[in-house]
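Shared between the two complexes below is subunit A, which pairs with subunit B and subunit C, respectively.
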Partner chain A sequence: MSKLQLRGVRKAYGATVALRRGDMKLDRGEVHVLIGSNGSGKSTLCKIVAGSVRPDGGEVLIDGRSVEFSGPNDARKAGIGIFYQELSLAAHRTVAENICLAALPVSGGVFVDRAKVAETARRYADLFAEVAGTGFSLDATVESLRADQRQLVEIMKTLATEAPILIFDEPTSALDRAQVDCFFGILRRLKEEGRSIIFISHRMDEIFAIGDRVTVMRDGETIETDRIADTDHDAIIRRMVGEKGELAPPAEAANDAASGGGQVILKVEGFSGPGFSNIGFEVTEGEIVGFGGLHGQGQSAVLRALFGATPGNSGSVVLDGRSMSAARPRAAIREGFAYISGDRGRDGAIAGRPILENVTPIHFLKNRLALARPSHLRNKALPALEALKTKYAGLASSINSLSGGNQQKVIIARWLIDRPAVLLLDDPTKGIDLQTKTDLFALIRELAAEGMAIVLYSSEDAELLNNADRILVFNSGAIARELTGSDRTRYNLYHAAYEAA
Partner chain B sequence: MSDTTVIAGSAPRSFRRFIERFPFLPALVILVVLLALNGLFEPNSLSYRAIRGLISTYLALILLSVAQTYVIYAADLDLSVGAILSLVNVGIIMLMQHLGGSPGGVLLACGAGILIGLACGIVNGIVVAVLRLQAIVATFATSILFTGLALYVLPVAGTPAPTVYWRTYGGTFFGFPFVFYVAVAIAIVLFLIARTRLITQLLSVGDDQQAAYQTGLPVTLIRLKGYALCGVFAALAALCVTGDTASGDPLVGGEMTLNSVAAVVLGGTALSGGVGSVTGSVFGALIIGLISSLVFFVGTPSEWQNLVQGLAILLALMVGVLVGRRAKS
Partner chain C sequence: MTSVDQASRPASSGLATLVRQPLVVALALIAALLFLGETLSPGFASGEQILRLLIVAALMGIVAAGQNLVIIGGREGIDLSVGGVVSLSAIVAGNVMAGENGGILPAVAACIATGALFGFFNGFGVTFLRIPPLVMTLGMLGVLQGLLVVIRQGIPSGRAAPALSDFVTQSFLFSLPGIIWLWAAIGVFMAFLLRRTVFGYRIFAIGSNEHAAYMAGVPVKLMRISLFVLSGVFAAIAGICLLGYSGSSFANVGEQYMLPSIIAVVFGGTPLSGGKGGYTGTMAGAVLLVILQSILTTINIDDSGRQMVFGATLLVLMLFYGRGRSMRG
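For the complex of A and B:
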């Protein structure tokens, strides 16, 4: 009998199906790897097992008995410990308090037993004593730690549950080699004790180093489980890609003429900054250059840096033959950059303000307007909104009254009034429905055809493959590979993205 | 992004850790400066008598600020602490009147008062933590409710407290004023409470509610307990107000609510939750008290007193914020 079994577990958030069908069996004393591209439902599956997400359907069985958790506390009592991908630490509490937070030892019924806290925490921290690095101590606040040290604290916190079932959702994404080796040593020991471990990572070498079996997920479904010994790198990637991988690169994007001739609009050389280093590429007139790879490998960071939204960059950026260094977005916009982010709340929408005001800020900035003349602005705004088939009640209604997709159209429209030379798209279709996506990319290709230089980062591989003329695959803040022409296949994209960092 | 840039452009690490560990230090400095200024303008203000007066007058605000601190730890807010104080004040006045002014009756009334505060706190907790209404708006609404109740119990200010009550509060025992004993007892209680599991849990919830939930903490119950604790301390504040004013007033706490919030912030506790100390709030309450007495001592004309007091509090807040920011950068 399996220690843990999932049968047809489902979860949807509104129209997004996060987990279509989760089936898996976890045995005693095994490390079971889950692998799948971004958004394939791995974390959702783990959170359902850990009780922090309630499934819409399906069954979770522990030791053959069906369980239903009312919350994470319930799951913890049932013997499940979890490392959350986004971490679950209290930033202002100390390392020791965080490690013991789930079940703080008390004396006299109410008082925190500090000696016991320190002792327990020490036991788990000592496991990593060699690799924790400077600044790490039990009474340091989590806030003061580096990203890798925080991840170690979350690992210690998970280990401290002493649960028979341990789930690690991307525990190694910020760790260095030595830290990973140390952690794997611990996992092997736990395995020998008979614990059951779910392990998620995007690093292929780690999966082969620690896994016993591997379950591949794709589009919210668990596809197949294999013994690690019976499979290899290519087979796993082929599973992740699925049938779609066999498709030839789409015809529409075969705009090869542009990538060949055209005049260079944007030339970036030796560009470094927080999260990326030594990036170099060119974009010619009318070309769409795609940024690919796993989430957070520096793609967004490069785009934001080009737009002047993050400080501390070095290297050369040449736009239309002029060397430039945008220190802030205001300057970048005047130079001819446009930036559209998928994170509307943070980067785009002026919340609570009318649509008209949301379409025209760039027009104001570029033309240094001092007065708002509604009739003039309306004449500017209407064609831009029209071009995107935006649905709205009236220009005076608040942007919040629109659906996510239509909000995004309003934000894009603001760049269409005065055309930029370079359009930076940072995962622009987050939370947008299929129809709108199609419209949007039709428009983007149209803009390219009119001579705009476009850089597109998308977390959806299909978007890149269908629209980009060239794809630069990012890995750990650097460009790992360039895919052009008929190389632009899903298989190659995954292969480059999952190559050992 | 290297470590060197971090160190080069900012405060030394030791100073930073110091402020991290003792977030109330700026408040303590401001407090000492204010005491010195008070002594400068009115030497008598540092006398034993004056300090005793200061404590008996501001003990209520101190306790109210402490009450507020516990909910702010969890990134909540309670705009009804003043109303709870008023309700408990009129409640115990009426009870003591009914029970007669005997010492037994007075003690019984005090116990009942604390229960009233606890009940109000639980109501707030249910509304905010269980029903998930916005803390600011919800506790504003309950404050109107509690004030309404207080006005029903005692429509106009004036009913006196029994002699034994205010004589005790203002009296001297074994050579020390009663309020000193109260202050010491409160200090011990606060010290003990700071070591409870609940406080660590409140702070963790304030840090990141989602993370606390995913860790397996009973977030709703923890926030509810925070409000209950807040209610109890608001009731204790009411006992002090009653001793100080010796009468019932259904609106006595109204103005104190925002003072309590200001005191908490002055004390270095973040309104966003997760960091702070009750020690800081005590200092913050004393700062507010000393500012009003200083404004009086320097001989500000009465029509200017509010303005000067407001400016002084702003200044104190700015000093605290600037020091905190320097320590962080």
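For the complex of A and C:
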């Protein structure tokens, strides 16, 4: 009998199906790896097991008995400890308190037993004493720690639950080699004690180093479970890619022209900054260069840095033959960059303001205008909105009155009044409808055909494969591989993305 | 929401829309309060009396203009130091002009420079030192109050030049005092600034989404400092006018303008959360507050009582409009 079993578990958020069918068995004393591309349902599955997400259907069994959790506390009592990908630490509290947060030792019914907290925390912190690095102590507040140290605290916190079932959702993303080795040593000991561990990682080498069995997920379904010993990299990647063959080859004519060595518009060399290092690439006139790979491997960071939105970058950026380094977006815009973020709420929408005010800021800046003449602005705004088939009542209506897709169109339109030389697209279709996506990519191809240089990062592989002339696959902040011509396949994309960095 | 919903909205509402317009509400309230005042004390709503109310409203409204800009600019924008700047400006003006008409221009220049300087300090603290505006300007108010005490011990309080007093209190054009014209001009200036200049568009942009504005190339820090400088300048102008109104300056003369300047803004339909609003409503709000103040005086409620009523008014306004919503819905 399995320690934990999932039978046909499913979960949808509105029209979006996050988990279509989750089936898996977790044995005692095993490390069970879950692998799948962005949005394949791994995290949803883990959250269901941990009780923080309620499934729409299906069954969760522990020791053969069906369980239903009304919340994370229920799951904890049933013996489940989870490491969340988005860390769940109290930033202003000490390491010791965070480690014991799940079950603070209490004396006399109300008072936190400080001695006991220190003692418990010490036990788990000592496991990582060799690799925790400078500045790490039980009394340090979490906010004062480095990213890798915070991740260690989250690991210690998970271990401190002493739960028979432990779930680790990408626990190693910030850790260095020695820290990972130390962590794996601990996992092996836990395994020998008979604990059951679910482990999510995108690093192929780690999966083979620690896993006993692997379950591949694709499009919200658990596809197949194999013993690690019986499988290899290629087999796993083939499962992740699935049967859906390659998509229609990208726009033919335009690409040939682009790859035919047009004039170089943007040339980046040895570009390093927070989250990426030694990035180098060129974009020629009319070319669409795609950034691929797993989420958060430095793609957004590079785009934001090029746009001057994040400080601390070094390297050479040459635009139209002019060497430049934008210290802030204002300078980058003047130099000819445009940046469109998928995070409209944070980076794009001037919330609650009329559409006209949302379309015009770039025009003001580029033309150094002081006066806002409504008739002039209307004449500029209308064609830009029209180019994207934007649906709106009037220029005076608030941007909040529009659907997400139309809001994004308004934000894109602001860049179309005075055309930039380089368009940086940072996952621009996040959370928008299919029609808008279609309109948007039609426009992007049109802009490329007119000679604009375009860099497209998308978390949806199909968007990259369908639109990019070349794809640079990012892995751990560096470009792992360049896919051109007929190499632009889903298989190659995954292969490069999941290779050890 | 589809475009059809949007298009049909204005047509369906009529009276409901009218009632929701802050300006309409304010004007109706002004009429009601005047009527109430006249009932309590015949002669309250006489032409002469209304003119006197308008002069006081202009003083308050000029202070509120700067307050309005800072509040629209968002990030918890507020300027609590305006009262101190008004007082300091009145003293600087009184001493520079020392009762001579020839001293008016240098006095105006000195006051505007003073207001701009303290506004700059506020803006610098808020943008570069990342001190919340409430704390920064409250601290600045403390500094100014201390400064006023020191000044008062060292130098005479100063007197208004006759021309300045005439400008504020006597008929200037079409039997209206000059300060009313000045206020009207400021009203036109503010409307133009907010609706027809890039600067105005950018104030709303940083007020509704500072980061998005930054990503769209708006010089956010420079903008925010400018708003505090403008607030200091408007307070300084009000200080000069106040000197003309009272003839001589005395310490803390401006303190009574801090709270009303905020209430007038909020009443006029500019939410404290920023990114929305305008000055026309604020002007109506200032008039309304002055009438309310006058009624309270008429029924023998002293200064402390008036302060309590004002404070309560602000709280009630907050309750009605909420911090995140404007009256415009």
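Descriptive notes on the structure:
Here is the rule we use: the second predicted complex is superposed on the first by the 491 of 501 C-alpha atoms of A that agree within 3 Å, B and C clash if a C-alpha of one lies under 4 Å from a C-alpha of the other, contacts with A are read in each partner's own complex, and residues count from 1 in each chain.
Going forward, contacts are C-beta pairs under 8 Å (C-beta built on N, C-alpha and C of every residue); 3 or more make two chains touch, one makes a residue touch a chain.
In this text, all values refer to a predicted model and were calculated from it rather than measured experimentally.
When both complexes are overlaid on chain A, the residue A:372 reaches subunit C alone and has no touch with subunit B. Shared-chain residue A:352: touches subunit C; no touch with subunit B. By the document's definition of touching, of the two partners only subunit B reaches A:101; subunit C does not. Greater residue coverage of subunit A by touch, when subunit B is weighed against subunit C, goes to C. With both structures placed on the common chain, the touch criterion links A:387 to neither subunit B nor subunit C. Subunit A meets subunit C in the complex at residues 307, 309, 328-330, 333-334, 339, 341, 346-353, 357, 360-362, 364-365, 369-374, 391-394, 397, 401-403, 414. In the complex of the two chains, the subunit B residues touching subunit A come out as 1, 20, 192, 195-198, 200-201, 203-204, 207-208, 210-218, 274-275. By the touch criterion stated above, subunit C contacts subunit A in their complex at residues 1-3, 5-7, 195-202, 204-205, 208-209, 211-219, 275-276.
Across the complex, subunit A meets subunit B through its residues 50, 52, 71-73, 75-76, 82, 84, 87-93, 97, 101-102, 104, 106, 110-112, 141, 144, 157, 274, 312.
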